[in-house]
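After this come two complexes, each holding chain A, first together with chain B and then together with chain C.
Moving on to the complex of A and B:
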């Protein structure tokens, strides 16, 4: 039997301040009160501020979660002096680059860019070296300003802005089909383009070439399709096509926020079964979530921090003696009969799988739970999600007599971490830690971690159920005590 | 709080108490739950 391993983890952030207005919440609030637009624009961050924001630097690997935990709060008040757009696990790109990615991912001439912006966007994408996107870079072309003006005044669609100025247009693809409206297509194309960027990073820096990808699993939350099958469509092959995964097929996993963990477990299973050698799990950015808590941020006088589209790509393949391996004997799952109350959910996702393989809670060096950045959620009254979850886990450890009540804070700080992920739906579901985990497990700094994700099935009004999945990733037993450095 | 004979709208939260749990609690105290839902605020 083949042992599946995490061969690579890549991440990307696209800073898109002028797209925040098209997030679901801003769209609705600005329609209700147009005067909010000025306040929203004034509270958006510059590229430099978003780049130097410490949690974003953790996301791409330039700062560890441990070092983030040691930094003074608010993190936004103390930019990271040594911030860089390229990190060991991925990169950040600015809005011009994002528009270039959007255009190169566009197979139906839906995106129309001003010719000057297109030239800048093409140069920006070309500057992302090395990348797997160059085969499409010539697609990034624009039209004269007069043509853009004519189009915007005669067709259904959405204007695209940069620095407050209209620089492009997103067309609708059907005048009677809301599923092919410009707003939905922009959401889907943004997911595809950002997923392709993370996939490009994984295929440049990871161990396999695009041609070696056998299967792609997209785990984003967009709903691709037309009026007859909205949400029935897929982005996995669409993203793979952009970067040249010519031998891959794929499908999408839909499980709300927990989809990436479902996807990784399925990917590891496919590898273990010997059906596919290399499976890549991807997830693009969630445009609908941009600015979701902007009213709370405005009220609290903090910058609007939901201004990035986050994406990720994980390469799963046969163990190689260096990379951490999946323990598929200890997969946790939240069944239909299980209660959705947090302690019961953790019984199903953490305690049951640990018990099955004879491990204690303290045998897990680090838990990666929902890693929502608390600096984004607290001003909106949504609490510190990771901290709440870590305290629940610590309370369970007390109940099981694994730790003393007085050791709860130590459990939280030693086996948890601060949230550093953008609130992008499926993105924070434990998996932002995988890049750091892979590095630490290879280096023998950690022996075993657990990723725990929860999904809000009830949001779709089809069931009152919750969902959740978990898995253990551990140091390859054949690696012994020998530490392996991860290239940066 | 006396819930007997009251009508209740139960809004649960995914990181806290789910809507169905609130509904069961309120009904056990004699309330009529007219709407129960769980929300996600992150």
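Moving on to the complex of A and C:
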């Protein structure tokens, strides 16, 4: 039987301050009170501020979660002096580059850019070396300003802005189909473009070429389709096409925030079964969640930090003696009959899978739970999500007599980490840690980690159920005690 | 506080009056306890939801308060709240929520 391993993890962040206005919450609030637009614009971050924001640097691997935990709060007040747009696990791109990616991913001439901006965007994408996007870079062309003006005044769609100035237009594809309206298409295309960027990173720095990808699983929260099949998908193939995964097919996994964990477990299963050799799990950015908590941020006088589209790509393939392996004998699942009360949820997701393979809670070196950045959630009254989860896990360990009650704080600091992921639904679902985990497991700094994700199925009003999945990733037993450095 | 929850609280208060109504919170930390308590007493401090500018002045309690705990079935309480009781900063949460009943 083939043992599945995590062969690579890539991440990308696209800083898109002028797109924040099209997040779901800002769209509704600005329609209600246009005066808010000025306040929102004034609270947006510059590229330099977003780049040097420590949690963003953790996301692309330039700073470890441990180093982030040691930094003074608020993190936004202490930019990282050595911040770089390229990190060991991925990269950050600015808004001009994002518009280039959007145009490059556009197969239906939906995005119309001003010709000057298009030239800058093309140059910006070309500068992302190395990448797997170059075969499409010539698509990044624009139109003269007067043509853009004519289009914007005669068609349904959304203006695209840069530095407060209109520089493009997103067209509607159908005037009577809400699923093909400019707002939905922009959301979907942003998901595709950012997923393609993360996928490009994985295929440049990971061990396989695009042609070697057999199957793609997209786990983003977009819903691609028309009015007859809203949410039909498959963004997986759409993103794979952009980067030249010509031998792959694929599909989308829908499970709210826990979709990436479902996706990784399915990917590992497909590899273990021998059906596919290399499966890549991807997730693009969630445009709807831009600025989701901006009112709380304005009220608290902090910058609007939901100004990035996050994306990720994970390469799963046969174990190679170096990369960490999936323990499919200890997958945790929240069944339909399981209660959603926290103790029952953790019983299903953490204790049951550990018990199945004879492990204790303290045998897990690090838990990766929903890693929402608390600086984003606290001003909006949503609490510190990872901290609450880690304290609950620690309380569970107390109840099981694995640790003393006085050791709760130590459990949290040693086996947890601060949240550093943008609040983009599926993105924070434990998986932002996989880049760091892969490095630490290869280096023999850790032996075993567990990724735990939960999903709020009830938000869709089809069930009152919650969801959750978990898996253990551990150091390849055949690697022995020898540390393996991860190339950067 | 979630906008739907704010709408529900507001609707209940409008329909039934506030005389026989209390709010029982279950927030896991002091900060969010304060925000929720503020919302159902003085109004939504983020001015985002239906309770913005609506000072309902409802008596607000937290499930971790001893007076609340002793009124509940011990087994059920332990099953549903036991972990939170172990992990949360109970004293601070109780102090914060009590402050909203004394003002």
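Everything below uses one rule, namely that the second predicted complex is superposed on the first by the 488 of 488 C-alpha atoms of A that agree within 3 Å, B and C clash if a C-alpha of one lies under 4 Å from a C-alpha of the other, contacts with A are read in each partner's own complex, and residues count from 1 in each chain.
In this text, a contact is a pair of C-beta atoms (placed from the backbone, for glycine too) under 8 Å apart; a residue touches a chain by one contact, two chains touch by 3 or more.
These figures come from a predicted structure and were not determined experimentally.
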Overlay on chain A: chain C relative to chain B, clash or fit: fit
Which superposed partner A:370 touches (first chain B, second chain C, both, neither): first
Touched partner set for A:408, first chain B, second chain C, both or neither: second
Which of chain B and chain C A:423 touches, first, second, both or neither: first
Touched partner set for A:144, first chain B, second chain C, both or neither: neither
Contacts of A:480 with chain B and chain C, given as first, second, both or neither: neither
Which of chain B and chain C A:383 touches, first, second, both or neither: both
Touching partner for A:399 - first (chain B), second (chain C), both, neither: second
Three-chain overlay, vertex chain A: chain B-chain C angle, C-alpha, nearest 10 degrees: 20
Touched partner set for A:341, first chain B, second chain C, both or neither: both
Per-pair minimum CA distance [chain C against chain B, superposed on A] in Å: 5
Chain B and chain C contact sites that coincide on chain A, given as residue numbers: 341-342, 380-383, 388
Residue numbers on chain A that touch chain C, as the complex places them: 29, 295-296, 299, 341-343, 346, 378, 380-384, 387-388, 391-392, 394-396, 398-399, 405, 408
Residues of chain A defined as touching chain B within the complex: 339-342, 370, 372, 377, 380-383, 385, 388-389, 423, 428, 454, 456, 458-459, 464, 466
Interface residues, chain B side, partner chain A - complex: 14-21, 36-42
Parts of chain C lying in touch with chain A, wherever the complex brings them together: 1, 27-29, 31-32, 35-36, 45-48, 79-80, 82-84, 86-88
